[in-house]
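Quick one: the structure is below, questions incoming.
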Amino acid sequence: MSIDLNACIGCNACVVACMAENNIPVVGKQQVMHEREMHWLRIDRYYEGSPEAPDMLFQPMLCQHCERAPCEIVCPVGATVHDEEGLNVMVYNRCVGTRFCSNNCPYKVRRFNYFAFAAEERRPAVARNPEVTVRARGVMEKCTFCLQRIAAARIDADAANRPVGAEEVQTACQAACPTQVFTFGNMAEGGQVVERKKSPLTYVVLDDQDTQPRVTYEARIRNDGSGAGA
Amino acid sequence: MTPFDPVALAGSNNPDMTDHVSGIALRSKAFRWGWIAIVLPAALTSVLIGSILYLFYAGVGIWGIDWPVAWGFAIINYVWWIAIASGGTFISALFFLTRSEWRNSINRIAESMTLFGAACAGIYPILHLGRPWLFYWLFPYPNTMGLWPQFRSPLLWDFFAILTYVISSVVFWYLGLLPDLATLRDRAPTRGKQVLYGVMALGFRGTSTQWRHYHALYGVLAAVMAPLVCSVHSIVGLDFAGAATVGWHSTMYPPFFIFGAFLSGFATVLLLIMPMRRLLRLERYITGRHLDVLGRLLLTSSLFVGYGYIMDAFNTYYGGEKAEITMYQERLFGYYAGIYWATILFNVLLPQLLWFAAVRLNQLVVALIAIGVIIGMWCERYTIVVVSLHRPRLPSAYGLYHGSIWDWLTLMGTVGFFVFGILLIVRLIPVISMFEMREILAPRRP
Amino acid sequence: MSRQWRGLDRLSRDPAFVARASAEFPQLAAALAAPRDRRGVLKLMAAGLALAGLGGCDDGAPGGVLIPPVLPPTDTVFSGNQMFATASVVGGYANGILVRHANGRPIKVEGNPLHPASLGGTSAIGQAEILGFYDPDRSRGLIRKGEPQAWSSLLTAVAAQREAIRQSHGQGFRVLTGSTTSPTLARQIAALKQVYPDMQWHRWEPVSRDAVRAGALLAYGQPVELVAKLGAVDLLLTIDSDLFDSAPGHLRFARDFAARRNPTRTDRMNRAYAIEPTPTLTGVAADHRFIAGPRDLARIVPALAAAVTGGEQPADMPAWFAPLVADLKATRGRSFIHAGPAQPAAVHALVHAMNEALGGRGQTYDLIASVEADPVDHAASLRGLIDDMNGGRVTTLLIIDSNPVFTAPGFGEALGRVAVSMTLTDGPTETGAKTTWNLPARHGFEDWSDARAYDGTVTLLQPQARPLYDGISPHYLLALFAGPEEVNSRDVVRQTHGLNEQQWHDALATGLVAGTRTAPSDVALKPVQPAVPMPAAGDVTLLIRPDPHLLDGRYANNAWLQELPRPLTKLTWDNPLLVSPAIAERLKLTNGDQVTVANGGVGVTLPAWIMPGQAPDCVVALLGFGRSDVGMVGQGVGFDVYPLTAGRGPVSLHKADGRAVLASTEHHDPLFEDAGDYVHHGTPPHSRQIRPSSANQRSNRRNTTASLAGRLPGA
Amino acid sequence: MPAIFSPEANLTAKLGLIGLAGLLLGGMGWWWLWPRTEYVRHNHWFVEQKVPFSHQHHVSGLGIDCRFCHMTVETAATAGMPPTYTCMTCHSQIWTNAAMLAPVRESLANNTPLIWRRVTDLPDYVYFNHKIHIAKGVGCESCHGTMQDMPLTQKARTLTMGFCLDCHRDPAPNLRPPEAIYNTEWHRTADTPSPAVLAQLYHVGDRKLTDCSICHR
């Protein structure tokens, strides 16, 4: 996945789309005060400069699906593993909840069900997406790159004996984003994602951790008139 | 009481010692108001059981842990208790190998401290799980899912380390108890106690072959226990060193944790033998020499730990990594700075008073220093666990942590359970290892 | 080493900082002391169930059931997800959406790539519609004065009303709706006007666009609307604008603007300036963001208009004024200026004049006849209704999809004097509690309707599921008031557009009726020089703005939107008063301190939150919270600031005692001397290298920055 | 000092220890064996249904193909249960007054669906997909057993995770030629193509099937 920070206007449409697609529970004000909100995708906002007139920067932060994932090494029961397609898969039914993976993640994108948030939510069961497991209490969860959409595309492709197309899978955040910030695809087949990752603005967050994340960002450029703009 | 007291005061001899010590275990009243002393620990133990039941019922959310700081009191208490337990093994196993005579009288109480310290530590890895009823998935048993635990995880090494440590320290403690149980069996006043101690003594009659096997086995076990406790506690250190979290992944942690075990172990032993000595009138066998030696050991391990803190700071600043330095500054001057400076005060500065012999013999000051060290060690674990987690690499994930009421109740509960255990030991088995004392006491002059 | 500003409170480094730092993050200590509330009880009950199901793994015993349909599905063999087009109507304007169905029920909202206002994108509110549809707090039955009634009683009541109104030729009959672009609704109300000539149709939107309409009237004599084509804009100037978050067509504008922001994806990167009192999404997206309170804007905008149209250079202007005017003039025909609805009408008129002067008409934007059905000044319309109600001239009042008791101070009392009043809303509202009849409305996913997009394209709303609770649609109710026969809303909508079978099918498939874009109008600019009113004097200026996610309070019961961290403050479940750093310094405020803000006689006490980048004299109150009658999620969340909208006097702000705990998902010092470590940013390739974030010593990252600079295209 | 224990005490101690060891070993054995037994996996237990539908009669007796009732087996994740309409295509003409079929008639009459209790069931966190298994040459019999001789539907396989993994690790031997997918009496004969050929035919093996993301999400 490649995220274009120049296009991101911070409108939060992707965050709600992610909650709708992946049955993410709402935790209520008390638990948000207790720092236990469950969003898999958060828009980090950094101020830079003076408090009177700071420069403001948005950065969507989600699981980076690192190739050398610090979370996979420390899980004692192997509840988070790397699959052949490069996804960092979180197996909810295997997780016993030691939370070491969240401590070891430099991006802090893993969320934990301290209580049975999904069970307590006043949302009828029919309102949930049947393609995604509803997580129980004591289980860690994180962005899965909409694994249910990847699985559907993979099953259709395998049944037709063809590889999954480059742009065949669209994640929920990519689909909802009004300014097309997210570019996701099967890099083995080339396509838009590979183009975006070749752009000179591409960088990796916390690359000194050498986690080799699958999510790269394109640096935000401010056109102060000196550029090739007007 | 002078630092040069003999290991046992003049005039102490075997028969008196045996009568006195076995009397404590056999007579109904251990000491005058013995029953009242057991009420508070029993209450705290029931608090522990209550908070554990509510924890299983409501979930880990009742504790104060939250999103960036996913580990809290459970892991702090676990490391703190296992350090106290490991301290006991050092005395009973390490100093057995060095043939130091002063160890004989306090060996039994140190070994019991290990037992109950490990018991308190052992429950936490299961309590802190999100789904504790699945803890057995950490065990590599052949299951219908065809899945094995993930062997690269420090938590799994922890699981094996604690398991072996608990089993081996129970065996070592029980083995050290056999001859004394035989003595008690022979002196038991009532039929009931006779059968009880008889069964527990496993038919030990003190024949020369039995003694030969016994000493061989005890020596081997001690030789095994000494390195085992170092490896167990360094694995506990690897829990943190194995992670890439800010402030944890430094190679110094395993030895640093063993220094911590030295320190908290000696402090706890001091805290146990001083009141016991007075209440059970064992001044003859636990003399000034013991206090002096333990005081000096406390001082040396405090210097070890002090070196550890300095190296921690040096690694951070020498390493020059931005996130590490930010976290370290937060540790020194941030929201939790008070806890860090308490660690330095209690673990390093206060024990320096032990340089003076007068201080080492003044039981009140030594007790205060020991309590200080115990609190200091807890604060050190708090700094390691919480302060490192609350300042991760991405500033958008900074967070705070406050222990909830259930955290404190569980902690107090385990302290109560520990003291309850020690009092039980004092009540049921001889507090001093009689057969080892006989080796150093002279026979009674006719 | 330059003093790194770690946080707003840390600036002074005074010894009391540690105490105040704990004051800065008060929420955790208070959270622990909070009593066992409703949530706690639910938790215990649910946890009990969780403990009962101790297994956690598969025990081999088959459980659960299989329920096949009675009749086989008619269309092709059912193979999982299907999509049906409809629209999410916000503030009357439609954003086309597709709703994905799984197992025959609506599950997820996606954008409609064919719809001009969406192009596949959705807003946060559009995505959250699905939770509104399944909201268990939706009103389920007909209620008359608090008691549930049978449906037949409604038919008889409406029949009686019809007779009474016919006698008085509609004298006391009033219909109040929000702003609507629905051709069917307009047609039905026009039909009602034929039957009852003296009835009146009032409109009221608390988040009013009156200024935009009045500005267009001033400039062009008729209420034209704006269709921006940001694809052709090289230079965008936004004045306190909602171009990207709530203006009609904001998704499309954001898409076109963002398409030209990445220098490697477009050959000509556009440039954006923003002048605003409080940070908005357009401000953050802008290259240059200038801060000007309403008092400064009242001085700057006329000067800007004079400079752009007339050419003379006014004197005491901020430093950035001259280069801005020069840049605007340099990009004639490729620049566009946009002002937000909160600016007075005169500013809009001046902006229209500037746009015309810069030759943007036809290139960077078009003007079209008003998309809103029968545009009228909402504030005047509501004031007239309230006066009539107080004068006893209103006998029958029908309120559709609006909540005036909460959003319009003074409406509640006037409502008492109306004989028969009916409210049609899909959830419990303060108005529904006060009117004689409280009718349950069908959700947007449950019935037929239509609306128009920002460029006039007619968008059809088709039902996604059978109604969960028996409710009625506005079209059914209006038809009921016109004549006795009950009408099917599908037929009503279809009659409005008169499409044949094939056109109707295509319209439903694509979600819009092809070719209904409103043609650009060629109305001429009236040469007029409106005077921009200077806001009331006083050391503090109060700005009242809609909450980015709850808008006017309509979505207060939507848990996703309540818990969604606001784009700039990262706050959830609360609407503190946003104060500028200068005011916070003056009143010694930290985040969460209680303050009392008074507008004329009316005062509200609420916590304060420091908003960096806000004009020094401005405080912002956010609407949409503090609703009393809304449903379990929104009950008692936040503070009601609507009373402040009625105040006319000077604004006063002073510190009250006590602190409140605010749930923010950001718990750190938000301010950095250089956030380059985390968010790489720089200036365009022209200066041959991404300006590496300066001062910090990222020795181990030297290679990546150098490699970044090295691989730039030959700019 | 009279002897505390009688001579037999030694014997009881020894027996006690041996008993303890036996208990320990037995416990571990039980812990390993018990979850695998067919009994605990409810194998061959027929499930009480509202209408006692007999696959034996319909499949081997009348020769109805699986897809007549389970329509979406080749196109969707779930195999799909027949709507009442499908049953009534025949039973509106034959056995029209059979007491056993009363629920079917009532279902059609007052438009309430027939409720069937699951027999072959996987936990909710497992996402099994019929379409890909049929497309890759896995027959119904492999998981549902020999349906044609089941008077009342029973669970034929343990369906433990191990059962699925055995096949996912080495799928080739369990594949069958395309025409034999719905033939529950088929078994491999001499002239059946070899597993390698079948795997090549169905393109099985180029994807690693033991990733967790294959079944769990």
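Letters A, B, C and D mark the chains in the order given here, with residues in each chain numbered from 1 onward.
Everything below uses one rule, namely that contacts are C-beta pairs under 8 Å (C-beta built on N, C-alpha and C of every residue); 3 or more make two chains touch, one makes a residue touch a chain.
Values in this document were obtained by computation on a predicted structure and should not be read as measured data.
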### Query
Counting only C-beta pairs in contact, which pair of chains has the most of them?
A-C
### Innermost chain by mean C-alpha position
A
### Summary
Expressed in whole Å, how far the mean CA point of chain B lies from that of chain D is 53
### Summary
CA centroids of chain B and chain C: separation to the nearest Å works out as 61
### Task
Could you please state the distance in Å, as a whole number, between where the Cα atoms of chain A are centred and where those of chain C are centred?
26
### Query
What are the residue numbers in chain A that touch two or more other chains?
31, 34-35, 37, 42, 44-46, 59, 93-94, 115-116, 131, 136-137, 205-206, 208
### Query
Residues of chain D touching 2+ other chains?
35, 123, 158, 160-161
### Message
Can you list every residue of chain B that touches 2 or more other chains, as numbers and ranges?
### Response
58-59, 61, 131, 134, 145, 147, 321, 394-396, 399-400
### Sites on chain A touched by chain C in the complex
4-7, 9-13, 15-17, 19-21, 26-35, 37, 39, 42-59, 93, 115-116, 119-124, 126-131, 136-137, 152, 172, 175-181, 199-201, 203-208, 217-230
### Query
Can you list the chain D residues touching chain B in their complex?
1, 4-5, 10, 13, 31-32, 35-36, 158, 160-162, 165
### Message
Applying the document's contact rule, which stretches of chain D touch chain A when the two form their complex?
### Response
123-125, 127, 129, 131-132, 135-136, 203, 207-208, 211-214, 216-217
### chain D partner contacts - residues on chain A that touch it in the complex
81, 83-85, 87, 89, 91-94, 131-133, 144, 147-148, 150-151, 154-155, 158-159, 161
### Message
Could you list, by residue number, the parts of chain B that touch chain A in their complex?
### Response
58-61, 65-68, 70-71, 128-132, 134-135, 137-138, 147-150, 152-156, 159, 242-245, 321, 389, 392-397, 399-400
